[in-house]
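This structure is in structure tokens; I'll ask about it shortly.
To keep things simple, chains are lettered A, B and C as they appear, and every chain counts its residues starting from 1.
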Amino acid sequence: MTSIIHVENTVATMAAELKTMIAKRQIDNPVIVGIRTGGVWIAKRLQEHLELADAVGELDISFYRDDFTRIGLNPSVKASSLPIETENRHLILVDDVIMSGRTIRAAMNELFDYGRPASIVLAALIDVGARELPIQPDVIGHQAHLESDERVKLVGPDPLQVELRKKGQS
Amino acid sequence: MPELDEHTPVLQLNRFDQLRHFLTIDGLSCQHLTDILDTADTFIEVGSRSIKKVPLLRGKTVANLFFEASTRTRTTFELAAKRLSADVLNINISTSATSKGESLSDMLQNLEAMAVDMFVVRHAQSGAPHFIAESVTPRVSVINAGDGRHAHPTQAMLDMLTIRQHKGQFNGLTVAIVGDILHSRVARSQIRALNVLGAREVRVIAPDTLLPVDVESFGVKVFNDMSQGLEGVDVVIMLRLQKERMEGALLPSESEFFRLYGLSEKKLKLAKPDAIVMHPGPINRGVEIDSAVADGPQSVILNEVTNGIAVRMAVLSMAMSGQIAELAADEEVI
Amino acid sequence: MSSRLLIKGGRIVSPGPLCDQVADIAVADGRILAAGDIPQDFTPDQVIDAVGHWVSAGFIDLSHTLRQPGLEHKATIASECAAAARGGFTTLCTPPSTSPVNDSAPVTNLIFDQALGAAKAKVLPIGAMTKGLKGEQLSEMYALKQAGCVAVTNMRHPFRNNQVLKRCLEYACSQDILAFVCPQDSALAKDGCAHDGAIASKLGLVGIPTIAEVLSVAQWLILAEETEAQVHFSQISCARSVSMIAEAKARGLKVTADVAIANLLYTDSVISGYNPMFHVEPPLRSENDRQALLDGVNSGVIDAICSNHEPHESAAKQAPFAETASGMSQAELLCSHIVELIGGGELDQAAAIRALTTGPAAVLGIEAGTLESGAAGDIAVIDSESRWTVSEGSLVSRGKNTPSLGKSLPGRSLYTILDGAIVYSAENDI
């Protein structure tokens, strides 16, 4: 299956946008945090472009999902790992695909449990719309328009490809 | 024989083979136990955050039903439930008030009417959590916090977590459990867990008066002599000795017990040089274990508190998850 | 109402010259008028078609708890006699564990009064060997015997010491009263609720070791030999007990023994799910023990199979295993279980029926258990083929405490006849 976008090029564009934004907002020494699994891959690529001082943080939002009472616990939950104190730091939160916004809400809740950040910027590789919460990314790599039975999936980590799938396919 | 009772091993699992109660290690696979340990590992990380709490069980109510006093176990369960954002009810029931089965059933019904989602049960009678799990509605999960001499599965799993942290894996390990095996629910659960997780050899070291009948059927090697039993072991687990044991003519005295089965520095030298020493606590210094060993470099006794909370968070969330999945499946059938 | 009955075409299964033959039975004036050759001029009021079915002398149960007086929340004499009739029993020995304990003639009389009122089975009370079953003072055994008790027992209650135990046996012997003993050393069985084996160890249940029974059997055998008393071992459960009793019998001792149906059916493996329905005394033991008990019945070393029927209210079983009351409701199930064990080749048919008829009659020294002419008209007609499903509703006994609920079992009694009167008929389910 071929990728619907060229991921590396898109990430490079996102990195450039982020650089501009960081400079404009006078954000000092931000920390980049990816949401597992795809968000972490994108976060690591952005890190290479931005050359930030601190290592990439990894969030597993399983414990923060709002659908626990409907679907239960993700059996492959892994520990989140934030390599540094995030209290009072500027954070760049990265995910691969943004849709309803619920994942981002859960991720921000989790981030606050590590301490109060100075600010959070949100970057997503692909925005497929269909938002259910008032959350908008600051940086979007690609705006996709999907049919109701379609979804996108980031496959990786090497090479990174975005596949368009029909619902029901895994 | 015309009839057999076949339902038990699956009582604690839902139709997807996930935990929905946690009553005993018996009937669980290596994968089940490994899942518990892996999930516990993720909760250890949560304990290191500035806010040591996740919203997983928000809106859920956990009732600690302690028919037998235990401050330590109850506190770690309470903390575990609170760190999962559950509401916690602590109910201490004197055994005399519920010596009649009828009132126990009545009390459970009352709690269910208050929409309690989980019961954490400590009871002096073996099998009490089984009985409760069989009598509650599908909207309640039961976690065994120690029943009679039968099982203490969360204690065993926190010990397994401690062993895995120090030894990496279970394959190839020789583990010796020393002391009052007969009355120990912890030992029964540990022996089962070690065998399921693939330990090479589990040994029990005790006089015959403190060994259950047919203990070999648990999958252990029996030693009456501690020096022989400790030879080359990777892990030494010391059990607590209750004072009442002298009265039932099971043992002559604490001092003779210590001489024969107490862990001294000298005896510990018989184990592997990197062997770890564990004790489910509270320790009787000078009865089961020398202070120098309990506080020594090979002792991992203090680690067990952190692991205890993490394991209980894992088990609470997994059983709740199993309950939810089962209820969802029930609804689909209807 | 006693009437003239003709039971036609059934297969006689109880001991006697007609055993295992198809024969007719004529009943008149409460007694067997003829078996096999029916007089030409016999005109029955009612003919029972028994073709394809078993015809046996009514079963005699050496341990059938009726709960009255005093434990009416569990069952009554009327309810349990009706259950017994439904199970093919016509004679029941009821242990003294009533409230008050049956340690005096008035209690015995009260039991007789109730049983006569129920008129569903002959009830033979067993008196207490010591006052209040406390194991300290002798009960008035002579008065109990005069009132109609067929034996005395201390059940599983301990004697204060061996001197009391020995004197009980001597006194019973001197009054010519049969002693029922439930062999169990109380210190070795203390707090126990299951067979002391691998299963109880794993479940963390306090065990009752086999030596608790075997030591007690040895002790009673020596005392029986010393005192020349007649001793009946009630509900043995261990292989070693069987072999010791066999040896004692071979030496000519006046000892007999029975086994509870549960110990022939189950082993301790069934308690692995803490199912309190399997909490019984004596405990369910190993497969080796079960096989020895079956062999004991088949060889005749064990004289009788008893139901050890112990009805309980549902709350008595609603608790963790060890806290539940022990005992199973068996009155209406024993017959099916016997059919099952015979069908499975585990029990020899002749031996099994003997252990329910002439075997227990001989233990008690009563004239019962045969279909010979002149014998009491106590008869059970059993359909050994058809199956029925056990449910709370299908049991007449107040005790629904059986692990067989929901199970389909073969065999059930069609008619039970007591002194020539039909006291149970499956057709009318009376």
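As a working rule, a contact is a pair of C-beta atoms (placed from the backbone, for glycine too) under 8 Å apart; a residue touches a chain by one contact, two chains touch by 3 or more.
Here the structure is a predicted model, which is why all the values come from computation and not from measurement.
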{"item": "Fewest touching-chain hops separating chain A from chain C", "value": "2"}
{"item": "Which of A-B and B-C has more C-beta pairs touching across its chains", "value": "B-C"}
{"item": "Chain ID, smallest distance between chain and overall C-alpha centroids", "value": "B"}
{"item": "Whole-Å separation of chain centres (CA-atom averages), chain A against chain C", "value": "76"}
{"item": "Separation of mean Cα positions, chain B and chain A [Å, integer]", "value": "39"}
{"item": "Euclidean distance of C-alpha centroids - chain B vs chain C, Å", "value": "44"}
{"item": "Residue list for chain C, restricted to those that touch at least two other chains", "value": "none"}
{"item": "Chain C partner contacts - residues on chain B that touch it in the complex", "value": "1-8, 11, 26, 99-102, 104-105, 123, 125-128, 130-131, 135, 147-151, 185, 188, 212-215, 217-218"}
{"item": "Interfacial residue positions of chain B with respect to chain A in the complex", "value": "18, 35, 39, 41-42, 44-46, 49-51, 53-57, 59, 317-318, 320-322, 324-325, 328"}
{"item": "Chain B partner contacts - residues on chain C that touch it in the complex", "value": "196-198, 200-207, 209, 265-267, 269-276, 278, 287, 290, 315-324, 337, 340-341, 344, 403-404, 407"}
{"item": "Footprint of chain B on chain A - complex, ascending", "value": "60, 62-64, 68-73, 75, 77-81, 87, 109-110, 112-115"}
